[in-house]
Amino acid sequence: MTDAVIVVALLLVAASATVAVATRDPERQALVLSVLGVVLAVLFTVLQAPDVGLSQLAVGSAVTPLLLLLTVRKVRRRPRRKEPPP
Amino acid sequence: MNGWILAAALVLAGGVGATLWGVASGPLRRRVIAQNLTTALACPALLLLAQGYDRPSYVDVALVLALLGPVGTLVFARLLADELTGDPPRAWGATWAVAGLGTVVVAILCAVAAPGRATAKLLVTGVLLIGGNVVASRALAGGFGGVRRG
Amino acid sequence: MNRRLRLWLVGVGGAGLAALLVAACLDLPRFGGDRHPYGDRAVRASLSRHTANTISSVNFDQRAFDTLGEMSILFAAVLGCVVLLRQTRDEHRDRPEPAEVARPVRGYALLVLPVALLTGLYVIAHGQLSPGGGFQGGVVAATALHLLYLGADYRALERVRPIGVFEVGDALSAAAYLVTGLAAVLAGTAFLTNTLLPYGTFNTLSSGGTVPLLNAAIGMEVACAVVVLLARFLDQAVEIEQDKGEGEVRAP
Amino acid sequence: MHVLPYLVAVWIFLVGCYGLATSRNLIHAVGCLAVCQSATYVLLLAVGYRDGATAPVFSDVKPGSRPVVDPVVQALALTDVVVGATVTALLLALVVQVAKRHGTVDPDELSELRG
């Protein structure tokens, strides 16, 4: 039974990592990365590492998405110097 | 062998698997809702795991998730507000269903645990989880944009 | 180098790396095996020093020097961000317009802020007993402060967050970690050895010798560092605008 | 089951590298680097796991009553999670600078600008 839950958590982590890379828009990627953080925390808990799980939750649930979205906002607001070719 | 861990595995495989699908595809409004529901489903799973491993100290992880998960959703609601106002996400059915699951899990665990500090921590986690997720859904469904328009 | 050639190179290199990594995985000790010589020794050492959370004991006692290195990386990263994101000469500050927030969200944020702050302090304080410690609790406490931005607006956050105090706090707590280590040298043992204080009673708040002190120093350092980092990014995203020039149109 | 966790770590690492190499947006590339980082945590914790064991935290179990997993790798992963986040922040600060100086965050356009 403990093996089953480890396999479920591992597969969820692998799937969400793949999705995070495949999502090319940074705003949507921030959403997937926050899900990846939660799933990683669950994996760490089932691998009997609650300390690392806490660490991952603290960082991954709010701080990293906030940093990413603030960067997106700053970069988007900046006018493009080079016009894309028509 | 251990029903608690089996229940947690089912919640993870069914619930979090589905929300992962939701966050991976579709329009932005569906993705933010799915992100919020991931938190709301992972937290009861962590509580069930703490009970299954017979380690009350693992509840701390669920407590931090119940606190910071909705905060993360509020971050998205705040900084993606411009994109969400035109097409506000509404998924009250799913939100209340997941909140109900959280309530049931917390109630069962409180009934099983001996009354004391552990029960108090469980109750705080449950209140934060359900309150936080309902407020976060409300914020996504136009909590910011609605006021600005009016 | 054109795009197709690069993709081709990535494919070949990635395939080679994948083959090597998989071969290495097949040779690793089996997952869930019973042989963990370092782990067993770390647990014994931790118990002999009355620290209930072995991971904290490894971080702040047995490998405290390693944590000093991690802390320096953290400090340097924050310093780099502060330098990179400072206001340049061709930029000016715009007062952000006050954001309007729905009442339930505002109420939730103001209600949860003290709870989150308290949880952060609890996680730091119980670092040597239950899961948690300075690294995790510091981030939770720093996040709690930013509920003010989410529940009200950036000006409300700026009013309660004197950024200079947090920058000084960051430096002071890094210094506190070093001073605790040097105190051991003055007492006649090696740098960062845990021999300064009595080990105390197992599973109480004051157990573990210098572990709680180093833990608290790291907690303060991480909390200050995250606040300073987020402040710089918020400044850039919300307040700082580039001056008009070179025919560029400033976004409204 | 005996090698599955290691293979998952390898997969996450390779997927992250692929994303880094093919990214058209520096912010997306930083996100892919975060994915690569998480591969190291999975590998470390998988190495330290022991069947049927519990966390080496003795606030609620008696020492010696149950087998415990390896605390050393957990300590390594724990500090790196938080420090890695600040390094991510440093990279994002660099991205902001690049956007300010060159007006684009597409690595291909950036190399054209240099040439």
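Chains: A, B, C and D, in written order; residue numbering restarts at 1 for each.
Going forward, a contact is a pair of C-beta atoms (placed from the backbone, for glycine too) under 8 Å apart; a residue touches a chain by one contact, two chains touch by 3 or more.
Since the structure is predicted, the reported quantities are computational estimates derived from the model, not experimental observations.
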Between the pairs B-D and A-B, the one where more C-beta pairs touch: A-B
Interchain centroid distance [CA atoms averaged], chain B/chain D, Å: 24
Inter-chain centre distance, chain C versus chain D - centres from mean C-alpha coordinates, in Å: 15
Euclidean distance of C-alpha centroids - chain A vs chain D, Å: 10
Sequence positions of chain D contacting 2 or more other chains: 1, 4-5, 18, 46, 48-49, 54-55, 57, 59-60, 68-69, 74, 78, 81-82, 85, 89, 92, 96, 100
Where chain A touches two or more other chains, by residue: 2, 22, 30, 48, 50-51, 53-55, 58-59, 62-63, 66-67, 70-71, 73-74, 78-79, 81
Residue numbers of chain C (touch at least two other chains): 53, 55, 123, 130-133, 135-136, 139-140, 143, 226, 229, 233, 236, 242
Category of the chain touch graph - line, ring, star, complete, other: complete
Chain D partner contacts - residues on chain A that touch it in the complex: 2-3, 6-7, 10-11, 13-14, 17-18, 20-22, 24-26, 29-30, 33, 36, 40, 43-44, 47-52, 55-56, 58-59, 63-64, 67-68, 71-72, 74-75, 78-82
Touching residues on chain A, where the partner in the complex is chain C: 50-51, 53-55, 58-59, 62-63, 66-67, 70-71, 73-74, 77-79, 81
In the complex, chain D residues that touch chain B: 54-55, 57, 59-61
List of chain C residues in touch with chain D within their complex: 3, 6-7, 10, 14, 17-18, 21-22, 25-26, 28-34, 36, 38-39, 42-43, 46-47, 52-55, 57-59, 63, 66-67, 70, 73-74, 77-78, 80-81, 84-85, 88, 126, 129-131, 133, 135-136, 138-139, 202-203, 222, 225-226, 229, 232-233, 236, 242
Contacting residues of chain D [partner chain A, same complex]: 1, 4-5, 8, 11-12, 15-16, 18-19, 23-25, 27-28, 30-32, 34-35, 38-39, 41-42, 45-46, 48-49, 52-55, 57, 68-69, 74, 77-78, 81-82, 84-85, 88-89, 92, 95-96, 99-100, 102-105, 109, 113
